[in-house]
Every structure is written in C-alpha cells, then in structure tokens.
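Chain nomenclature is as follows: A, B, C and D, assigned in order of appearance, with residue numbering initiated at 1 for each chain independently.
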Amino acid sequence: MRENRPYTATRNACKMCTPLGAALAFHGIEGTIPLLHGSQGCSTYMRRYLISHFKEPVDIASSNFSEETAIFGGGANLKTAIQNIARQYNPEMIGIATTCLSETIGDDVDMIIESMGDIMKETALVHVSTPSYSGTHVDGFHHAVRAVVDQYNPSGVKNRKNSRARKKINLFPGMLSNEDLRHLKAIFKDINTELALLPDYSERLEGPSWMEYQSIQHGGTPIKEIQKMHRATGSIEFGTILAASVERGNGSAGSLLESRFNIPLASMGIPIGVKATDRFFSLLEKMTLKMIPKKYKEQRGRLIDAYVDGNKYVSKKRAIVYGEEDFVAAMAGFLAEIGIIPVLCASGGKSGLFIESLRSILPENIFKQVSIHQGMDFTDMEEHARTLMPDLAIGNSKGYTMTRHLDIPLVRVGFPIHDRVGGFRTLHIGYKGAQQLFDTIVNTLLQKRQDASEVGYSYM
Amino acid sequence: MRENRPYTATRNACKMCTPLGAALAFHGIEGTIPLLHGSQGCSTYMRRYLISHFKEPVDIASSNFSEETAIFGGGANLKTAIQNIARQYNPEMIGIATTCLSETIGDDVDMIIESMGDIMKETALVHVSTPSYSGTHVDGFHHAVRAVVDQYNPSGVKNRKNSRARKKINLFPGMLSNEDLRHLKAIFKDINTELALLPDYSERLEGPSWMEYQSIQHGGTPIKEIQKMHRATGSIEFGTILAASVERGNGSAGSLLESRFNIPLASMGIPIGVKATDRFFSLLEKMTLKMIPKKYKEQRGRLIDAYVDGNKYVSKKRAIVYGEEDFVAAMAGFLAEIGIIPVLCASGGKSGLFIESLRSILPENIFKQVSIHQGMDFTDMEEHARTLMPDLAIGNSKGYTMTRHLDIPLVRVGFPIHDRVGGFRTLHIGYKGAQQLFDTIVNTLLQKRQDASEVGYSYM
Amino acid sequence: MKQISAKKLLLPSSSTGSISILEERKQQVYLKGNDTFEISCEKKSVAGSVSQRACVFCGSRVVLYPIADALHLIHGPIGCASYTWDIRGALSSGPELHRMSFSTDLSETDVIYGGEKKLEKALVELIETYSPKAAFVYCTCIVGIIGDDVEAVCRNVALKSGIPVLPVHSEGFKGTKKDGYKAACDALFKLIDLGYRRSSFHYPDILRDGKQKIPLSINILGEFNIGGETWIIREYYKRMGVEVVSVMTGDGRVEYVQSAHRACLNVVQCSGALTYLAKTMEAAYGIPYIRVSYFGIEDTADALYDVASFFTEAQEIMERTKHLVQEEVEELLPGLEEMKQDLTGKRAAIYVGGAFKAFSLIKALRHLGMEVVLVGSQTGNREDYELLKEMCRPGTVILDDANPLELAKYVIEKDAHIFIGGVKERPIAYKLGIGFCDHNHERKIPLAGFEGMLNFAREVHDTVTSPVWDLVPRKAGRSSSIQIPVKGEKP
Amino acid sequence: MKQISAKKLLLPSSSTGSISILEERKQQVYLKGNDTFEISCEKKSVAGSVSQRACVFCGSRVVLYPIADALHLIHGPIGCASYTWDIRGALSSGPELHRMSFSTDLSETDVIYGGEKKLEKALVELIETYSPKAAFVYCTCIVGIIGDDVEAVCRNVALKSGIPVLPVHSEGFKGTKKDGYKAACDALFKLIDLGYRRSSFHYPDILRDGKQKIPLSINILGEFNIGGETWIIREYYKRMGVEVVSVMTGDGRVEYVQSAHRACLNVVQCSGALTYLAKTMEAAYGIPYIRVSYFGIEDTADALYDVASFFTEAQEIMERTKHLVQEEVEELLPGLEEMKQDLTGKRAAIYVGGAFKAFSLIKALRHLGMEVVLVGSQTGNREDYELLKEMCRPGTVILDDANPLELAKYVIEKDAHIFIGGVKERPIAYKLGIGFCDHNHERKIPLAGFEGMLNFAREVHDTVTSPVWDLVPRKAGRSSSIQIPVKGEKP
C-alpha cells in the first residue's frame, strides 16, 4: 500500500461520513424519508451539504438526541421521531440510518423498529447501520441499498420467475449523477427492456418548480419495483471496488439477490469512456439479447472521431484524479484511454482494494506511472501533487483550494459540486458522457494554454 | 439606425463572405459537392475556415480561374470543373456558387449549366449567385437553400397533397449547429412526424472515423426529400430577420413553396430559451396536432427550476452578444428571459432589420438598455464595449481578441469556433439547449468571480 | 407525490388549524392579530422534525471560526469536519488557518480504545507544522460518549507547546446551537482571562501594563467579518476616534482576543451568540456592554451613536459620529431610492438564526418600501418574540424553529416575493418560485453598515426584479403545460 | 456513401492505374522504383479539383504577414480578410499591427463605381490611427477586374503620409501561390530599395553611412518567426558572432527591411518563397545568397556551418559554430533517443507547401527512426522532385499538388502512422485514424533549430503513441460494432 500519511489528523478530508451516503440512497426511493438516529446537527449538516450540490430541498429527519437520550438510550426518541414523520409526511418508507452517537451508545434499532410493527402499518421502516467512524459515505450508500433490497426481498418470498416473462434487469449504479441515471433509463427504454434502477434520485433531486409545496418530492425507485427484484433476469452492479469487496465476502444488493434467489450478477466498473461503455453495452446485449440501437453506435462513432481530432491536446498530459475510489478508478480508465496519464489517483476511501482495481483497469505502461493513495486528504494530495507536475485535476469541488494553490485548472466531476451550478446534471457515463468529459477536458487545457499565452491566438 | 462607424475600412470583420454560406448549405445535401466558380484561393480559404470549425474534411471544388479565364470568361473552366468533379466524385448534385470574380466578369452560369444538360445525366447542377460584395455568409446560406428548393420543386410539378397522407413538415433551420439539427430530428421522431430538414450537415460534418476513404461523406438531406417538399403539410423557417426580409419581398425557400404551392409557412426566431422553444412546440402542436412528449415537458420543468436556482448569478449582468443577426436576436431574447441585459447586440450583417427584430423580441425595459449595431466589426465593438461595462461576451471564437482586451470571459456559441473543440456540437436550441447555455453562462460568471477573488471559496 | 394544496393551507382564524403542523409545534407559531396565546420558544426541536436548527458543535464552530491564527481541531469522526470545511465567508486580513478543516477522523478502533492518544498526537503535529497562536479542540457527540479526557490532553499539549489549548465542549447532543455559543464563549473567556492573568501582553503603541484600560476603547462582539463586514465597522469607529481592542471574532487573532479585558465597553452585535461572554466579562472585569445591530441604516447609526454616547468624556466623538452618519447616509440614499421604486409593496419573508437580526431586517426592508409578511428565528427567546410582535403589522406570521413544511406553507399563503434566510431555506423558496436572499454566514457579500445596506438592497432588487419568476408554474398559472401563443406565426 | 475500397486502391505496377486519379493528374504522381517517367510539377491545378493549393493573394500574404509595424490592408470584398485574420503563429517582439485584419470590404456600389476613393480614405484613416511604418495594399481578384488604379492611390497616400505605401499585386487568379511570393518579393524589394536610395537610415550602433556594408552580417530570408523560430535562429547567429541585419520577414520591422541591402549575405530558408528576392538583391546590390533549412539537426547544423564558411575572414566564427552545434546536439540527443525507442519503424507521410521543407522532414524523421512512405508538395519544381526521388527509398509515393482523394488513397495504402502536412490535410488524416503533425504556418510551436527538433519529436511522439488509434475502426478492424469482451463479468 503506497500510503505514507505523515499526519495523524486528517486535513481537508476527501470523504464524507457514512450516514450521508445512506441519506442520499434513501432519497432515491419513492416516498421515502431518511431519518438519522442521532443529534440534530448531523441531519442539518448533511442536508446543507446535499442541498449545495443538488440545489433542491433535501429533507432528512433527526431523532434529535438530547443529553438524557444519550444516557438513557435513544429508543423513545426514535419512536417519537418515526411517529412524527409518519404523521407529517405519510411516507411509504422511513430509512433509518444510525450516527456515530447512537451506534456508540448501542441502541438496538432493529428491536425498536420491531416493537413498532403494529402501529406503523402504512410506512415501512428500513434500518441501516452507518457508524460514521467506519467507512465513508460510499459504504453508507451501498449499505443502504443493500438493506432496502434485503428487507423487501426476504428469503421466504416466492421467486416467481417464469420463462414467459419479459427480460428485466436490476441495476445498482452506485453514486452517479442525475443525468447519469436518466441516461441509464433512456438506454433501457431504447432497448425496450424493463429496468429496476436502485436508487434513482434523478427526478426527486432535480424536479420542476412547484405549484404547491410537496412534502416528499416526486420520483425515486418505486417500492413495488424493489419488491420484484428477486424475479429479475439478472443484476448489474457498477464499481470494481464494490465487486472486489463482494469477492472478499462483503455483501452488496446484487450479491444478496444472487445468493438468496440465484439472480445472476454481473459486476463492472462505472461505464466511463469508450471501452467501459462498450463493456456495458456488450453486457446488455448478452443479458437482453437485444441489439444496441443505432443512436448509440452513432454516438460512439462521433466520440472516437472526437478522440482522434483532439488526441494531441491530451496526449501525455498529467492529471490528478480524486474522489470515491470507484469513481476514480473508472475515471482513470477513461483518461488512460484518451492518452492522459492519471499521475495521482487519490481517495479518502480506504477499501484496501484501490490499487488492485486500478491495476486491473489501467494498461501496464500507464499503471506504472501512477501514484495511488487511499485514505488521502486534500492537504496530503496537494503536497504530493507538487512533485508530479500535473496539468490539471479532475474531481469534485472540494479540490478547488488545492488546484488554486497548484495553479492548475480543475475539471469538476462527481460529487459534490458546491461552487458551480448543474453539477448534478453532469453526464459522466456512456458514449455521450465520455464525449462531454473529453470536450471539457480538451477545452480546459486549451483555455489554460490560450489564456497563459502572451499572444492568445483565436485559432488553435 | 444606430450606426456610427468612424472607419472606412473594416477592422476585424464580424462576418464572412457570401459563398461560404452557400458552400456550407450545400454540404447539408446528400451527395452534393460545392463548386466555387472563381479563383482557387476562395475554396481553399473557405475549406480551411470550415474545417477549423467542424474538424472534418470539407471538400469545396474550384473552377480555378487563371488570368486568361478572367479575360475570356469562365465558361470553359466551369465546364471542365463540373466534368472533373462528376468523374471524381460521381455526386448527385454539384452546388455551384459564384465568387466576386466570376460575378464581376459577368459569366452567365445558368446558360453554361444549361448547355451541359445532355452530358450531366446523373448529376444535378444547381447554381446560386453569391457575389461576396453583396451581403454576408448568411445570405449565401439562405440563397443556396432557396436555389435548391427552387430547382427541385419547379412550378409545373404536380402538388399531390392528399388528406390521407401523413403530416409532413419542411423545416428550414438556417445556420444551426450539428447538435441543434440532431435535436430537431429527435423532436420530430418523438412526435412521430415526417421531417424534411434542409440543409442537414449534422452527419456529414460530424461523422465517425472511416474504414476507407469516402469521397463524399454520408448524410445530408436526401434529394428525393427535397423533391417532395411541395407536398408537405407546412413549412417552418427560423429567423426573425429572415422573416422580415421575406415580408419585404425577398424570397426564401419557405416563401417560395408558399407562393408556388400554397404550402403554409410559419416563421419564428431561432428557438433559443424557454419562451422561444415554447413557441416552437406550440407551433408543432398546431401543425401536427400531436402532443408534446413528456420528455420535453420534463426538460422544461428542470430548466425553469434551474433558472430559479441561478437567478441571482445572472440578474442584471451585462453581456455583449454578436454574430449573425438572427442568432444575436434569438440569443438576446434568451438573455432577457434569464435577466441578463444584452447591452450590446452587434453583427457584421447589414439587413436593415436588426433593430426591429430586437424590438419585437425584447421586453421594452430591456430593449431601451441595448445598444444595437449592424455592420459592426470587432474593433468598433471593442471600442464601444469599453463604455458599457460588460460582464461577459457571448458569441463565436472571433471575439476572443476583443474579450481578452476587455478582460471579460467569452461564452463560445454559434459559428465559427476556432479555438475550442466541439463547437459544432454545442446545443443552442430547445429546452436542453437553453439548459446548457444557462449552466455555461452561470458557471462562467462564477468562475470569473471565484478566480478573481483573493480568497476563492469552494462554496458558492 | 405528496402535495399540500395551497388553498388547504389558507389559515383559519387560528394558525394552528392546519393538520400539517405537529401537535408539539402549535405553540411555536403565532399569527399577529389573530392569535391571543403566547409563542413558545426556546424549546428543543421535536424528534422527527426536519428542523433548520443545528447542534451544539455548530454553535461553537461559527463563533470561534474566524479566529484565523488559531488551530481548530475537530475531535470525532470525519463528518463534522467535512461538512464545515471552508463554508463560511469570514475573511482574514492575514493568516488563514481557520479555513483548514482538521479532524482526528476517529475510526472504529479509536472509538473502542479511546481517542486521547490520537488527539494528542494530532495536536502536537499540527501545532508543530502550523505554529498557531492557540488551539481549539471541538468535542463532538462521540467524545462525550467514549469519555476521552479532552481537558487533560489539552492541558498536556498546552504545557508542551506553550500555547493555549482549549477544549470546546460542543458535543452535538448536549443542548442546542445556543449551548454551542455558550461553550464557545467559555473558551473565549478562558483565552481572555489567560491574557488578563498573564498580564504580559504587549498592546502595540499603548501603555505596556497589560491590565490597564485603553482609553476610548471597545470590543466588538458577535461580528464575524463575513465578506469583510468587520473591516467596514472598524473603519467607522476609527473615523469616530474610538479604539477597537478586539473583535470577537471577525478577522480574529488570539493576541487581540487576549487583550479584550482592556477595553472600556463591549458592543455586542449578534443577539444570541455573544451576550453570554459580555455578561461574563462584565462580571469579571466590570466592562459594561450594549447590544447593537449593524444591519440597516437606522440600526447602524444607532450602534455608532450608542457607542459615542457612552464616551461622554470625549464630546468630539459624538460630533464626528454625526458627521460620519450624515455623510454615509447621503451617499447611500440616491441608490436606495432608485431601487425602492421597483420594490415598493413587494412582500418579504424572514427566517434567520437570531431574532435580533430579524429586527434589523424588518426595518431595512421597510426602508426599501417592502412589507414583511412572515418572520421567524431558530433561537429567539420570549423577549425577542415580544418585540417582534410589536414591530409587525397585523397578519404577519411569526414562527419559532420552523420546519420546511411550515415555512413553505406560510410563504405560499402570504405570496412572498422574497424569502430571506439561510442556505437551507433556499431550495424551499426556489422550488416555490420565490426569490431568496442569503442572510446567513455562508454569503460572501458584506451586508453590514451603510454600504452593506446598499449591497443588501441591490441583492434584493436583483432577485425580486428577475424575469425568471414569470416562468415558474406558480406564477405562470400552469404546472408544465406550454400555452404561449406563437408570435410572428403565419397562417 | 462513396467509398473507395482500400483494397481497390492497392497500387498496380504503375501508380496511375487507379480510376480515382484524374487523367490530367497522372503525371503528378510518382512511385519511386516502379514508374519510369518523370513527375510533372509546376502545373496549374486542374479545374474542378479540390486542391490543397491557395491563390496568389495567399502567397503574398504569408510572406509579408510578419512585418509587425506595417499596415496590411486587403483591398476587396470581406472574405480574403476574414479568412486570414490572425491565423498564423508569426510572433512579434513589439508591435502587433500585423494581427489586425483590415479590409476595404467592398460593396456592390464600390464594385460598380470603383473602389479607389474608398481605398484612399481607408488608408488615410488607418495610417492616422495606427501610425504604421509602411503600408501594404493587397489587391484581390476583383481589383484586377474593376480596374482600380491602386498604384496611383498608393503613391498619393505615400506622399501625404510620408511612409512607404506599397501595392501588392496579388489578384488571386493571376497565377499560383508562387506568383504571390513573387509579388511579395517585389514589394519587399521596393521597400529595401527605398532604403538603399534614401540612404538616410540609421542602423543602430553601426556606421552611419546608410549604404556601407555591415561587416560579418547576413539577412535571413523566408523565416517567419512561427512560434518564435526567428528568435531561436537569431540567437544562434549571435553566439556565432554574425550580425543579423534583417529577417524577412519573421518579427519583421520596416526599418530593418529597409537596411537589408547592407548585409553581406542572404541566407534563404523557405525554398519557394524568397529565392526570387535573394536573386533580385544579388543583381541589385551584389549580395550573394545561400539556401538553407533550419529544420532538423543536420540541416540546422549545415545552415550554421554554411554561414560560418562564408565568412572566411573570421575564422573564430567557425570555431564558435562548431562549439555551438556540439553543445546543442549533446543537449538534444538523450531526449530524442528516448522517443526514438517508441518511434522506430513507424511510417510517416509528408505533404507540405515547399519541397525544401520536405527534404528536411525526411531527414528529421529518419533521425527518429521513422520511415517516410509518402512525400509531396504543393509548389515543388522539377529540380526539387529529382532530389526527392533520390532521397526516398523504393516504394515511396511522391506527389505534386495532390487532392484529398489522392492523399487519402496513398496514406491508407501505405498504412502511415502519422501524416505531416498543413491544416487542410488534418481532417483527412484524422478521418482515417492516422496521427497528424501540423508543419505549416498555423502551428504555434517552434520546430526550427535544435530545440525545434525536440519539439517536433515530442509532437510526433505524443500523437504516434496516443492510445486513441487503437479505437479507430481502421485499426480496431470493425466499423462501429462493439465486441469487446466484458471483463470481470459474472455468469
């Protein structure tokens, strides 16, 4: 593990805490309100953080611990909270995520929930354990997805798969953007295949303006779709690290369905770039036995033509890439494909699987030029980057301070985007996503060159 | 007319010459090779100019005038040229545009073409008169479109419109980007209505890489579609200036079909922004009696929500807008809709209809704050802009020098984009186009503020 | 889709008639002119509500944040540090250590075996690297549970490093944001008192006796230099001939905080946050305090006059103050007048942290010709709400610790043109197609003082007059159907 | 879709066997080792071909363009000015007037009634505004037809303004680009001769007699300072102890052009463009000339040695030159060697303006271990092609004034890895999935001299080793079908 963090403290973290991921995932389920079992501040901070990215209302309830709660246990508060939420929102589901506080005092949330079974007829209660001292927001996200799938697809349920049924695919995309999720839905629509996409916050966290107040916004994966997941033709899960983690025995939503119901699971990296998208479409072809529509082939053709047209502007350029491990891995694969060397791949995550993932994605000649760091913060990253002569950085807004110090441009992708609008609308995946990433990266480099030039030609 | 050009010479022109527009329009017709009747330099320069924008091969043949040709007339050269092109490309059509040279010496191109009727059985010859000393590239473009429609829909042809036929719309979009053209085609596909889009260079000037050399690229409006235009349900023509010019008695492709075959013509500005796009969809609804698909309503909803989210970043900001008159008019309308004051609207074009167009598009309170200049070059523009305290400029790449001097950011739209990649892929029209324009403009302003700040917060 | 019809929300004679208000919340809503009972504030938020309130940690963090040469180390898992990294517009004229986000980033092992060692190691390393003038250690929820002896660690490191290392008891669950203010005040007072007791402090250009009062001097409390506001206000006092010893904590420095005991008067700006410190200092050093606001023309003028009046020994201060106010106001008025044209009669809703800020906002908005139709705060006390009640016209809705549902309900009902609040209220306003002005600490523009008033007016004007509101469904009178007539369309 | 199958294009024993080559073009294509007949160059382009050649105006414009303190006014309709605005990377160390695009922008009325008055007015105004040191008036096609007496206007304005105002007879149709070079040389010579005859020119730091030769001095002809190349070369001569009187026209100034007659030697770089001027100056002032190239290691070294050899009177020059070359080459080689590893055996196609440039490119590419499989030029003469024939290996395709079809045909057939040409060739190369290097005047990077060689190698290396070529259909062996196996895919 190339990790030589000289500091005990984390200085400008490149990660968020576990419950945030769970709260986001719960927002991708229809009629669901996330509830954090802990102090009021957690939900307020995370709401604020998510709002700054999505520019949409993000309601996260809290069980509002007080000093007495911490001493006598959070059961009563949790019950009150659930009842109050039910009364105020009338949700289909409350997604309960624990914070470090309630985890540490040891509330038995499952028992508390069970004890409420009788009074909560219309609202399902799903609990996910997300102690913030363990893992990052990514873990919270995946765990929440798994918890929901687990609860709605219990072992006993009958697997009514029949050969007459239409092909139906479960897709667990991980933490993608709204536009990414819309793109996935459009692809399935174009190949006329049913899709259960979990989670899907694309509508809920990017809806139209309202005529009237909506206590829970439109959209999200319908719970009845989640309930049918055990009857799907197959599941797809994005994320090489997630897949490797599953191989090491950690569960995921897809692996749960596979082991419990024998639903075949295909895992692959996030489809960023031509090669990864080829892989995705090829997988779809195999699973659905449908042809890729002409539209996507045309997009691919234009994309490769664009790669060629712009090859010289990116060749041998040096990029810093950071963010969630799976996102960085996929992005690094894309960069290698267009000729950019991802000289520094960094993440605040600490799966222990980062290097292996990158090794499997990157060609050997690129891989050996890459400095890979898990559990890295932005201050370390900046210090390390100074030795690497980077031309640009690619990642979320939180790297801005670093890139400002390094005097290199930042291509904003991923989560969170706090200093620009429309970050949640960035398309990363598919041929079109690669097209937009490619154009943006090339134009960022061109702008840098043009503005830095004493002459500033208006012709390239 | 607010026009007080102090200089006799044009200094850094904000326009191109007439034949360039014709050559571009001809590229939007299947199997067509443009041929400039004039010196070799014209075609080489224009090819170069178009290539720098589209990053695609652009073949424009030349009749290669020599000194003798200029003295004895270009007839022989033109004939040789036509025959050579036919032999080498075997095109369906050769689009012949005259240059200032052949126009001035007075070659009777129509007669020369007619005299070749017998030997050119497989290749149609269409002539458009485009003396570069008269009008701009915009005129060349519209004239070429009209000439093609004219030739393929002669007065005598039978108008076999029947009530059973499917609705079919002719759309003359003017000089839009490839992505704009693709968007228009997608809309018609979504409402399941036949479309004759003329011209359509979106495939030809943005195709995939080749296995083998293609002498004429794929794509373009099929000539058999052009031949059926007189049987359409109606025609739509984009451009308020074009429409006003038609009202003053100048012909256009749409007005020709209207007067010759009684095909109803609806004219409207280029649909940039919510209101203009609303108008376009409303028009489509009326003409086709089809409902707007949900997808577009959702795009509209998200767009307006984005306008709201970003309202403060753009409100009262001051923009310079330049380029083709119709493009500037549409863009100014969009800016006014989001709260940006287009303090300077400038064009190298000189239709005499620019001010009236802007008056019809802009709300009175905005209109009175706008300085409008036709026949303006970039040097005048820069001098004028200094007095207007602009926050940004919106237009093609040719304004870069000006914005560099003014130290304001440039949002690159329209034609040509010579200093960035993918300019031809910019979507301007429709709700999605407005979304991208809006995000780009807001983020450009945010970047300016952030980078200029001593502190540079990573939060907005 | 859960929708609550705006019509259904139309208030009955009692504001508590709507089903959407939680039973426990009924007494925190008041409708001026209709209700007769008293608003019930200073209650803890209800479990399960989506409150706009934050936690104890948040309160401490915002107060101490602007001290730019101090180390701010957050002891806990990563979240608390992540979500508060560089989010406030508190400027510094020098060091920028406050903009770094330091965390002990506790892991599972730390939680099980205790985080003291990690904390100590982290502190020592960071102090060595960044040479801060003091260090604040913020205790988060979990620290209160696992029982780290943070006091001991701090004492230890202070001894080793020679700088004050102060624990801030800001465990999230141990109260409300107000308790966080108090914890921050405690830490500040410790710092001041260290200075007082050491008496070794050298105040530049003044007598070297550390305990002696500095003549005609004040501290400014509860001013955080958002967008440079401290600098604006400091400049006013300078022109008046009043010496500002310390600002707590805008553009703050440890050294100046430590000399705060030498000022003659504490001028407290933020209603909720720093009064406790002022009272503590009054008790300890006999420094009297006054409460002021620098927001709006009247309040800014009053703030300056109040200070001038205090220094009766120097009549020239009052003269200068009058001159200053006249000059500034004259410069300001034409611009305001112009904007007032467009703003007259427009309706505003206010929801802010402290009630004192609400008072100023009401006055400022009236100055722009606007009407306040809703006002609320997260942390107002009984006294504050009494005053609000007096200031507001009949029909104004007054809220304590509101949740998004309530806020939305009333702004729709009152058909506000603009909502003035914190970043968490923004999406609610925007979703409903209502303008928004951030009057919280994340903004980057100074709204204090006379020039701040112009900025405020400009921001309100920009957004209220934006054309985008014409397009929102609530105004366009249609959800998302497209019915605009085609202009220039032929046959 | 018109497609010419790559297989069909496989050359038969004679390169003219393919139907796709126009009958008239047959003699402009030569395949080394197969054909026996001679290449037929210096022909006018065929009517109807899509030639890569430009016009007379283009030739004049590129030669005179870099004179940065002169006014360049294009007399004609707007096109010629629009398409040549700021498109060349010719840098200036001072004024940048050359980057402006001035046009008389003739309208219909002007064409009917004549453009003389407009021209005169435009000239007078521009000279007044920009105070250029001289003005060039480029005649475009139409001027030759409408019969404006440009000479007279220029004379007139020169008298009024006191600066040289020189007509450039560059009517597009009156010949080829080469004739444009000649027209530019005529204008340059007029300018030089004005200086010669006036003899009032004060060369800085040297004897004041305007006609006297400057010892150990040269002019550099045909060097346009693309990306700063002039500066690189000037620096070499400076280190050698040779005085550069004038560069024509890189980083050009009217004053220096006018003193060109005082140099001892003309060093001509661009094969086609400036030789005519060198000959004229030889005839007029007895200045001998040599032809050189600054591209590639050998040619650059030769260019410096040739100049050093000329000045037999100063042996130390040769010593310095040897030292310089050794130093530069030593610095250069390790970098080149590294790139050579990746480039050895890779195939290049060359299509450039002048044949002389092609010679240098062939040598430079060989230095990188690469093989030249196609070479062609727009303006080579018989002599040039003879030399090319000698230099190339059997199987190399040699082309004169090729069109896109031909270029594409042969680069596919020869399976080139990189195409080196001008901006108009780029899309052809790219569409076929072949790397490209711009060796024309629109590039912004200096490729001249020793450091230029490193830039060139780096650019070739960057593009040849780019991974994107693996994805293009021609290489991936499929048009656009997607058949990549899914890695990590489960059951």
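Basically, contacts are C-beta pairs under 8 Å (C-beta built on N, C-alpha and C of every residue); 3 or more make two chains touch, one makes a residue touch a chain.
Keep in mind the model is a prediction, meaning the values are calculated, not measured.
Among the remaining chains, those touching subunit B and also subunit D are A.
A count of C-beta contacts for the chain pairs B-C and A-C puts A-C on top.
Averaging Cα coordinates per chain places subunit A and subunit D 52 Å apart. Centroids of subunit A and subunit C (each the mean of its C-alpha atoms) stand 33 Å apart. If each chain is reduced to the centroid of its CA atoms, subunit A and subunit B end up 40 Å from each other. Of all residues in subunit C, those touching 2 or more other chains are 86, 427, 430-431, 433, 472-473, 480, listed in ascending order. For subunit A, the set of residues touching two or more other chains reads 52, 55, 207-209, 298, 300-301, 304-305, 308-309, 398, 401, 457-459. Taken together, the touching pairs give a contact graph of some other shape, not a line, ring, star or complete one. For subunit A in complex with subunit C, the touching residues are 6-13, 15-17, 19-20, 31, 35, 38-49, 51-52, 55-67, 69-70, 77-78, 80-85, 87-90, 99-101, 104-105, 131-134, 136, 207-218, 348, 379, 398, 401. For subunit D in complex with subunit B, the residues that touch the partner chain are 1-6, 9, 20, 22, 24, 44-58, 73, 76-86, 99-108, 110-111, 118, 121-122, 125-126, 129, 140-142, 144-146, 172-176, 403-405, 408-409, 412, 423-424, 426-428, 430-433, 472-474, 479-480. On the side of subunit C, the complex with subunit B involves touching residues 86-87, 89, 91, 427, 430-431, 433, 435-436, 442, 444, 459, 462-463, 465-469, 471-473, 480-491. By the touch criterion stated above, subunit A contacts subunit B in their complex at residues 52, 55, 206-209, 298, 300-302, 304-306, 308-310, 313, 397-398, 400-401, 404, 418-422, 425, 435, 439, 442-443, 446-447, 450, 456-460. Taken in their complex, subunit B has these residues touching subunit C: 240, 243, 264-269, 274-275, 278-279, 281-283, 286, 292, 297-298, 300-301, 304-305, 307-309, 311-312, 315-316, 336-339, 360, 363, 453, 455, 457-459.
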